[in-house]
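You will see chain A twice below: alongside chain B first, and alongside chain C after that.
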Partner chain A sequence: MPGADKETDLTERIEAFLADLKRGGSGTGPLRGSGEMARETTYLLRRITAQARWSSAGDLMEIIRNEGRRMTAAQPSETTVGNMVRRVLKIIREEYARSRGSSEETEQQESLHKLLTAGELSEENFRQHFVHLKANVIEAINELLTELDGTTDNIAMQALEHIHSNEVIMTVGRSRTVEAFLKDAARKRKFHVIVAECAPFCQGHEMATGLSKVGIETTVIADAAIFAVMSRVNKVIIGTQTVLANGGLRAVNGTHSVALAARHHSTPLIICAPMFKLSPQFPNEEDTFHKFVSPHEVLPFTAGEILSKVNVHCPVFDYVPPELITLFISNIGGNAPSYIYRLMSELYHPEDHKL
Partner chain B sequence: ETQTKCGTISLFSHLHQYSRKAPLTQQLSIPSTVIHPSIVRLGLQYSQGIVVGSNARSVALLHAFKQVIRDYTTPPNEELARDLVNKLKPYISFLNQCRPLSASMGNAIKYIKKEISNIPSQFKEEEAKTKLQKCIDCYINENVVLAAKAISKYAIKKISDGDVILVYGCSSLVNHILCEAYDKSRKFRVIVVDSRPRLEGREALRRLVQRGISCTYVLISALSYILPEVSKVFLGAHALLANGYVMSRVGTSQIALVARTFNVPVLVCCETYKFCERVQTDSFVSNELDDPDDLMVTRKGKTQLENWHDVSSLGLLNLVYDVTPPDFVDLVITDLGMIPCTSVPVVLRVKNLEQ
Partner chain C sequence: MSSRGGKQKKGNVTSEQEEEEQPLQAVLVADSFNRRFFPISKDQPRALLPLGNVAMIDYTLEFLTSTGVQETFVFCCWMSNKIKDHLLKSKWCRPTSPNVVHIITSDLYRSLGDVLRDVDAKNLVRNDFILVYGDVVSNIDVSQALQEHRHRRKVDKNISVMTMVFKESSPGHKTRCEEDDVIVAMDSKSKRVLHYQKTQGLKKLQFPMNIFQHGSDEFEIRHDLLDCHISICSPQVAELFTDNFDYQTRNDFVRGILVNEEILGNQIHLYVTQDGYGARVSNLQMYDSVSLDMVRRWVYPLTPEANFTDQQGQGCTHSRHNVYRGAEVSLGHGSQMEENVLIGRDTSIGANCHISNSVIGNNCTIGDNVVLDRAHMWNNVHVSSNVEIHQSVVCDGAVVKEAVRLNKQCVLAYNVVIGPNLSLPEGTVVSMHHPEEEEEDDDDEFLSDDQEVGHSKDKTRQKAFNPAEVGPEGKGYIWKASMNDTEDEELAQCLWGLVLNPDPESDSESEASEESQDRSRSVSPEIDDVNAFQLEVLGTLQRGLEENIVCDNLVLEINSLKYAYNITLKEVMQILTRVVLEYPFQQQGTQLTTLQYTGSLLPLLKTWSPVFKNYIKRAQDHLDCLSAVEELFLEQDTHQTAMVKVLMKMYQLEILEEEAILKWFSTGATNDKSRQLRKNQGVRLGQICVWGKPSQNVKGYQFGHCGSLILLLQKETTLLIFSDGVQRKQTPCSQCHKKESCGMV
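== the complex of A and B ==
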C-alpha cells in the first residue's frame, strides 16, 4: 500500500537523520556545518509535513514537536536542529491563523494589557481543518529554505561596510560565514588577517590556508599569543555556534579570552551569525551547555603512565557574555546584542521555547 | 608589502627571524674556532632548546664561565682583570647569536664582569681564579638556591588547605614551591595550563605527579571553563621590568587577564636577580621569535600548513615572550619579601646601593 510505504520510508529517513546527528557530535563523524544541518532538518520537516498523516494543524504540530524532541535529544549541542523545528512550528501557527482569517499579531504578543484583560487563556487548540493548510505550510517551508540558502551571501554582502583598507583583523578557529565575509571584502580592500589556531583541533590552520589562497595576507598565531598581539588588531570578527537568548554566545573554546582581550584594548568584537543560529536558550538553563570530547586531543595516549593519575578536560564551547560583544551581523542586517530578544520574538513563538 | 618571500611578518620584522633548520654556523659572524668548547656546547644547547628556562640558562652560563676561567691563562704583559673581560666579550656575542640573552643571564654577566674588574692587581693568577670561581658559586647559591628557599617560605603562607592552584607552563620556581608546600602537608590540588607549540606544561605535570600532587591538565583555550574552580594562580616570570610589567612566557598575560575577570588572585614568583632596568609596554618592541615550523600539526595524516613557505600571503608567528601589565598582578613574591609589581624600581635601587 502506498500509504504504508510512505510511512516506513519516512520513519527510515528520520531514524537515519537521528543516527547521523548522534555520530556527528562525537567528533569522529564528518564535521558538518550548521548551515547544512539547518537545511537537512528543514528538508526532513517538509517531508514530514507532506507524508505524515495529520488532519488538523494541532496534529501536525504534535508530530513535529515529538520528532523535534527526539532530534534535540540525539545531539543537544546542535541547536540549529531545534531552532528549525521552532521556526516550522511558528510557520504552522501563522498559516493556521491566516486560514482562519484572524490577524496573527494580536494572537501572539504577550502584553500586560492582555494578561490583565484576557482573563482565561484563549481557546486555541488548532483543531479546525483547512483544505489548503498543507500546501500553504509547504510553500512557507520552501520560502524558509530559500532564506537558508542565501544566508551566507547576505552576510558576505555587508562586508564592505565594515572593513576598511589596511586593517588588521583577528579571527578565531574556522567559520565558513567569516571566511565568506572576509573573502568578499578582499575583492575590493587590502587588509591583514591574524588567525588564532584554536587548539586542540587547530581549525584555524584550515581557515588560514583558505584565506591565503585568495591572496589575503594571513598570519597564524598560537592561542597563547592572543593578548600579546591584540594591541595591533583593529577589529575582531568571529563566528559562533549559537547565539543565546540573552545576546550571549556559545562559541568555540578560546573565544572568551579573545573577547576579554578585545575589551581590554577597546577593540570592537563583531559576530557574523546567520539567524538560524539564534536559540531561545539561556546560558545556565541546562546542564548541557558544555560539551566535552575525548581528552586524547589534549594529552595523547603516548604520554604514558601519568595519564592514569591526572584529570584531563577538553571542552568544546565557551560562554561569551553579551557585554563583551559590539555587533551582530546576520542575514537581516546588523544588530546590537540588546536587540536579540526582539528578533527572537519575531522568529519563535513563546510557547515553542520548550519543545 | 607586508610579507617578504621567506615569510617574515612585517609586524615583527625588527626582530631576528629564526629557523631551527638552518645550521647555526650559517648565521654566525664569529668563527667557532676561537670560542671555548664549553661555550660552543652551551650555545648549541640553547639554540636546540635543550636548556630552557630562565634559571637553568643562567646557571648553565655561570658553570660554563667557571670552566672558561679554570682554563684561562693570562698572556704575558697583560692584566688578568682587563684581559679576561675582553676574552669574554666574543663568547657573549656568540651566545647571543645562538639565542638572545635572557634578563637573568644579562644580570649574571654584569656581575661577573664587575667581579673580574675588581680583582686587585697584586693577586696572583691562581688566587684570582679561585676567588672568581668562589664568587660565581656564591652568586648561584644566593640568588638561585637560597632565593628559592626564601620564596617558598613566603609562598607557603599563601597556600591554604583546600586550595585549587592554577599554574602555567613549566616554571622551576613554581614547581619548587608546590613541592615544598606538599611536603609540609598542605592539602591542595593543581591545575596545569599548557599551550601549543611548546607544551612545556607536560614537564611540570610529570614533576608534580611524581611527587604525588593531584593534577588536572588543560590547554589554554579551556581557561574560561576551568577558572571558576580555581582559588589562586601562581605564575613564574622571566624578568620583571622597571615599570612593573612582568615579562614571561607567551600566554601569561592572557591567564592574568582572564583570572582578573573571574576575580582570582594572581601571584607572580620571581627572584630579585631577574629584575631588570628595561621598560616595555607591549609585546612587540622586544621579543623573541621561535621557529615558525613548530606551529604545524599533523592530524589524521594531514598537515594543513605543510607548504606555507610557498604561499607568499601566509605567515606563521611563534612568539616566545609577552608582557603582563601590573594591574593584572596582585602580588609578587621575591626573596626580599612580598611586594606589589610597582615596587620593582625600589628594589633595583636598593640592590644598586648595596653594591
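== the complex of A and C ==
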C-alpha cells in the first residue's frame, strides 16, 4: 500500500531528525548553523503537510503542533526549530483565513475583547475543508524557504551602512552571519577586526582565519583582554543564538562581558540576527534556557585525579539584557530592542507562543 | 545520525564502493560471563541494571546508533528473557529505528569466545563490525577509528584484524578501573600494538626485547590509557576465535595474536581518543564513578534530561549544580539537593534532608533528616527518617528503616529490609539469597535459568534471618562471596573493585605470581630460552667430561644449541663462563671451601680452555667474560678469594689477555659491591700480571701511597690502576717517585 509506505517513510524521517537534534552539538554549539537547522525544519514541515493525513486546517495544525512539541523537547536550546514551527502554523492560519474569504486584517487584529472571547472559538473555526488549502500552504512554505535562503545575504547587504573606513570592529566567537556581514563590507572598505577567541571552544580562531583569508586585518585576543581593548573599538558586531521576546539575547558564553564592556565605553553594540532567530521565549530562570555540555573543554578528562575533587561546569550560553543592545540588524532591516515585541506579533500568532 | 551517515556514504562512493554498500554492524554482548555483580545480578542481568535510571544496555545501543551502526546483534545468555523483553519494549525495536536490533539467545554461551564462535558459525557479519559489551557507556565518535581501520585493511591486505579504542586518562583517574589497568607498547607511527599487558598491581613489568627490534624507530609505552572495551573487528576475528577454541576473552585473543604475530601475520592496532567518554561498568566501583560522570555531564549528549531512550515520563529537568528532577518530585521543607543529584519521577523526599552526588530512582520515598552521599538508589526504595547512606547501592524494592546507617560500599540487593537502629559496617552486602544456596548452585557451574532461582527461594524461607545482622525487623542475609571463586582463574569476585579488596596484599600477590607465570609462558619467551640454554650447556659439558669428548665437538654442540634457542654470542659466552664456574658447586654441593673449590675448578678450566678460546676472541669478548666472572663471584661472596686464582689460571691458559684484565680492572665499577671486590683483589691482581706468568710487558709494580697499583710497563709508560676502579686525572705527586704520578690529589 503506497499510502502506508509514505507514512512510515515520513515517521522515519521525523525520528531521524529528532535523534539528530538530540545528539546535536558535540560541545562546540550546534552541529550545523541555525540557518541550516531552520531550513531543515521547514523542509520537514513541508513534507508533513504534503504527506500526513489531514482533512482540515485544524487537523494539520494539531499534527504540526504535536511534532513541533517533540522537536523542541528533543533539543530545547535549539529555539530555531520551535520558531519555524510557529511560522508554519501562522502560515496555515493565514491560508485558512484567505480560503474562507475573510481578510487577514481582522484575523490579525488584537484587542482586549478578542483576547477574552478567543479560545475555543478559534479552534472550531478551522474545521472547514478547502480543496486548495494544501497547495496554498505548501506554496506559502516554499516562499518561507526562499526567504530563509536569502537571510544572510539580506543582512550582509546592509553592511556598508554600518561599517565605515578605518574603523575598529570587535566581534566574539564565530557567527556565520557576522562573517558574511564583515566580508561584504570588506569588499569596499578597509577596517580592522578584533576577534575575542571565546574560550573554551575557541570558535574565534576559526572566525579569524576566515576573515583574514579575504584580506581583513584581524587580531585575535583572549577573552580576558576584552575590556582592555574595548577603548580602541568603534563598534561591536556580534551574532546570537536566539533573540528573546524582551529584546535580550541568548548568545555564546562571553557575550555578556563584551556587552558590559561596550556599555562602559559607550561603544555601540550591534547584533546581526536573522528573523528566524526571534523566539517568543522570555529569559526566565527556566531550566531549558541553559545548556551545559561535557566539561571536557574546560578541564580535560586526562587531568586525572583532580577531577574527583572538583566540580567542572561548561555552560554554552550567556544572557544579554536588552538595555545593553544598541541595534538589531535583521534580514528586514535595522531595529531597536524595544521594537522586538512588534516583530514578534507580526511573525507569530499569539496562540502559538506556547506550542 | 543522518548527517554522519550521509558523510560516510559520500566518502564511500569515492573510495570503497562495493564494500561500503553494506551496513555497519555491531555485536553487543549482553552478558558479563562472570559474577562480579552477584548477588545483584542474580535477579537482574547486568546489562539491565539502571545507571542514572536508564538500563545500561540502552547507553550501549545509543552509542552504537549514534556512530552509525545499522544492524546490531545482541547476544544474551544469563536471564536472556528479561533482556529480550526490555529490548522489545524499547525504542530500538520500533520499526522506525535506524539501528535494526537482532536478539540472539542461548544458554550455551560461557564466554566472549563462545559468542564470537557463534557469530562465525551463523555467518552473521560480512564486514568490519564493532564489538562491545552491554555495559559500556560511551559517546566516543568511532567513525574516525573506523576509517583508520578500513584504510589499514585496504593498504595492508587484511593484516590488521582489530582496532581497540582507548581513551586517554592519566593514572589515578577515578574512572580508571584497577582491574583493567593496562600497559601498552605501540609503534607510534602505525599505531600497532606491540605488547599488551594488564598491570594488576604488578610492581615490575617486563617487555620482551624483540618487540623493539621491528622496523619502526619510534615506540610508545603508555600507561595513561583507559580501556573503553570498544573494539572494531574484522570478520576474521570471529574466524580466529573459531580456530583457537581456547580463546575465552578479548584478552586471550589479543595475547594470542601478539604472540603468534609472526606466524599468522595478524596485527592489532590502537585508536587513542582524547575527546569523548568511554568506560565499561565492570564492578561497583566503576558503577559509582560512571554514574557520577554521567550526572556531571561527561557523557554529553547522553545526559539524564536528554531522555534518549524516548520513554514516556522519563524526562527530567536540569538545573544548577547538576540537579536533575523528574516529573512529580516533591521535596520537603529544608531539604537540600547540593550537587550532582538525579531524582526520578514520583519520588518524594522528606524535610531537612541532605543529598549530594546521588542518584535516586522512580517511586522512592525518603523520610526526614536523611543524609545521602554517593548513594545509588534504584526504583521503589523506601527510606525512613534519620537514615544515613554513604557510597552504597540500594536496589529495587529495598526498605531501610529508621536510624539505619549504611557505611561505605554497602549493597542492599533486591527487596531487602534493614533496621531499625542499625549501622552496617563497611562493605556489607545484604541479599535475599542465602549465601549457602550459592554454594549449592556452584555445582552446576553456570546458572542460567530463572527456575533455579525460584526454587532456591523456597529453601531460603526456611532459614531464619539474623536480627544482629539485619536488624530486628530486617529481612535478608549477609552475602559473602564464596571461597571457590577466589581460587578461580577469574579475578576476585568482589563487588567493588580490586582497590577495595579487603585483603589487597595477598590478592595482588597471587595475581602477580599468576601473572608472572603467564608472562614467562607466553609473552616473553627469552627468559625461558636463556634458562633452557644454560641447562643444555651444563648437560653438554657434563657429558663431555664423562665421555671424554673432544673440545671441538663440544663447541659444535654448543653452537647448534645457540641457534636452537636463538641466543646471542655474548650470552653464550656469559652462560658458558657461568656454567663452568658453577660446575664444582653443581657437582659437590655449595658447602665447598674456597680451597676445595679452586682445586676442583682449575683442572676443569684447563680441560675446557679450547672451548673458551673458541668464543673469546675480540677485546669485547674478554670484557664480557670478565664481567660474567665478576657477577658470579659477587653472588658467591664467600669465595671471592678464589677469583684471583681463577683469573690467573685463565690468564695462564691464555684464555684472557692481560690488557683485558687490566682494562676491566680500571673501568668504573658499577656498584659498591663490585668496587669492594676490586679493592680486595687489587693487590693480588698485580701478582697475576707480574708473577703469574712473567710477561714481557711488565717490568715490575709498586704501590702508590694512596693505595693505587702502579704497573711499570716496559715501554716507558706507567699504567695507573686505582683501587676503587675510578679513573682520576693523573697529577704529579710529590711523595712518590719523581717521575711517577699517583692518584693522590
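Here, the second predicted complex is superposed on the first by the 335 of 355 C-alpha atoms of A that agree within 3 Å, B and C clash if a C-alpha of one lies under 4 Å from a C-alpha of the other, contacts with A are read in each partner's own complex, and residues count from 1 in each chain.
Operating definition for what follows: contacts are C-beta pairs under 8 Å (C-beta built on N, C-alpha and C of every residue); 3 or more make two chains touch, one makes a residue touch a chain.
Note that the structure is a prediction, hence the values are computed from the model and not measured.
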Fit or clash between chain C and chain B when superposed on chain A: fit
First (chain B), second (chain C), both or neither touched by A:20: second
Touching partner for A:219 - first (chain B), second (chain C), both, neither: first
Partner chain(s) touched by A:294 [first = chain B, second = chain C, both, neither]: second
Vertex chain A angle, Cα centres of chain C and chain B, expressed to the nearest 10 degrees: 60
Partner chain(s) touched by A:303 [first = chain B, second = chain C, both, neither]: both
Touching partner for A:312 - first (chain B), second (chain C), both, neither: both
Partner chain(s) touched by A:260 [first = chain B, second = chain C, both, neither]: first
Touching partner for A:199 - first (chain B), second (chain C), both, neither: first
Partner chain in contact with A:101 - chain B first, chain C second, else both or neither: neither
First, second, both or neither for A:11, with chain B first and chain C second: second
Minimum Cα separation, chain C to chain B, after superposition on A (Å): 7
Intersection of chain A interface sets (partners chain B, chain C): 290, 303, 311-314
Chain A to chain C touching residues, read off their complex: 8, 11-12, 15-17, 19-20, 22-27, 31-32, 73, 287-288, 290, 292-296, 300-305, 307-308, 311-314
Chain C residues within the chain A interface of the complex: 1-3, 65-66, 94-98, 139, 141, 167-174, 224, 274-275, 277, 289, 296-301, 305-306, 308, 315, 317-319, 321-322, 339-340
Complex contacts: residues of chain A adjacent to chain B: 192, 197-202, 205-206, 208-209, 212-213, 215-229, 231-232, 253-254, 256-257, 260-261, 264, 290, 298-299, 303, 306, 309-315, 318-319
Residues of chain B that touch chain A when the two form their complex: 2-3, 9, 11, 195-197, 202, 205-206, 209, 214-226, 249-251, 253-254, 257-258, 261, 282-284, 287, 295-297, 299, 304-305, 311, 313-319, 322-323
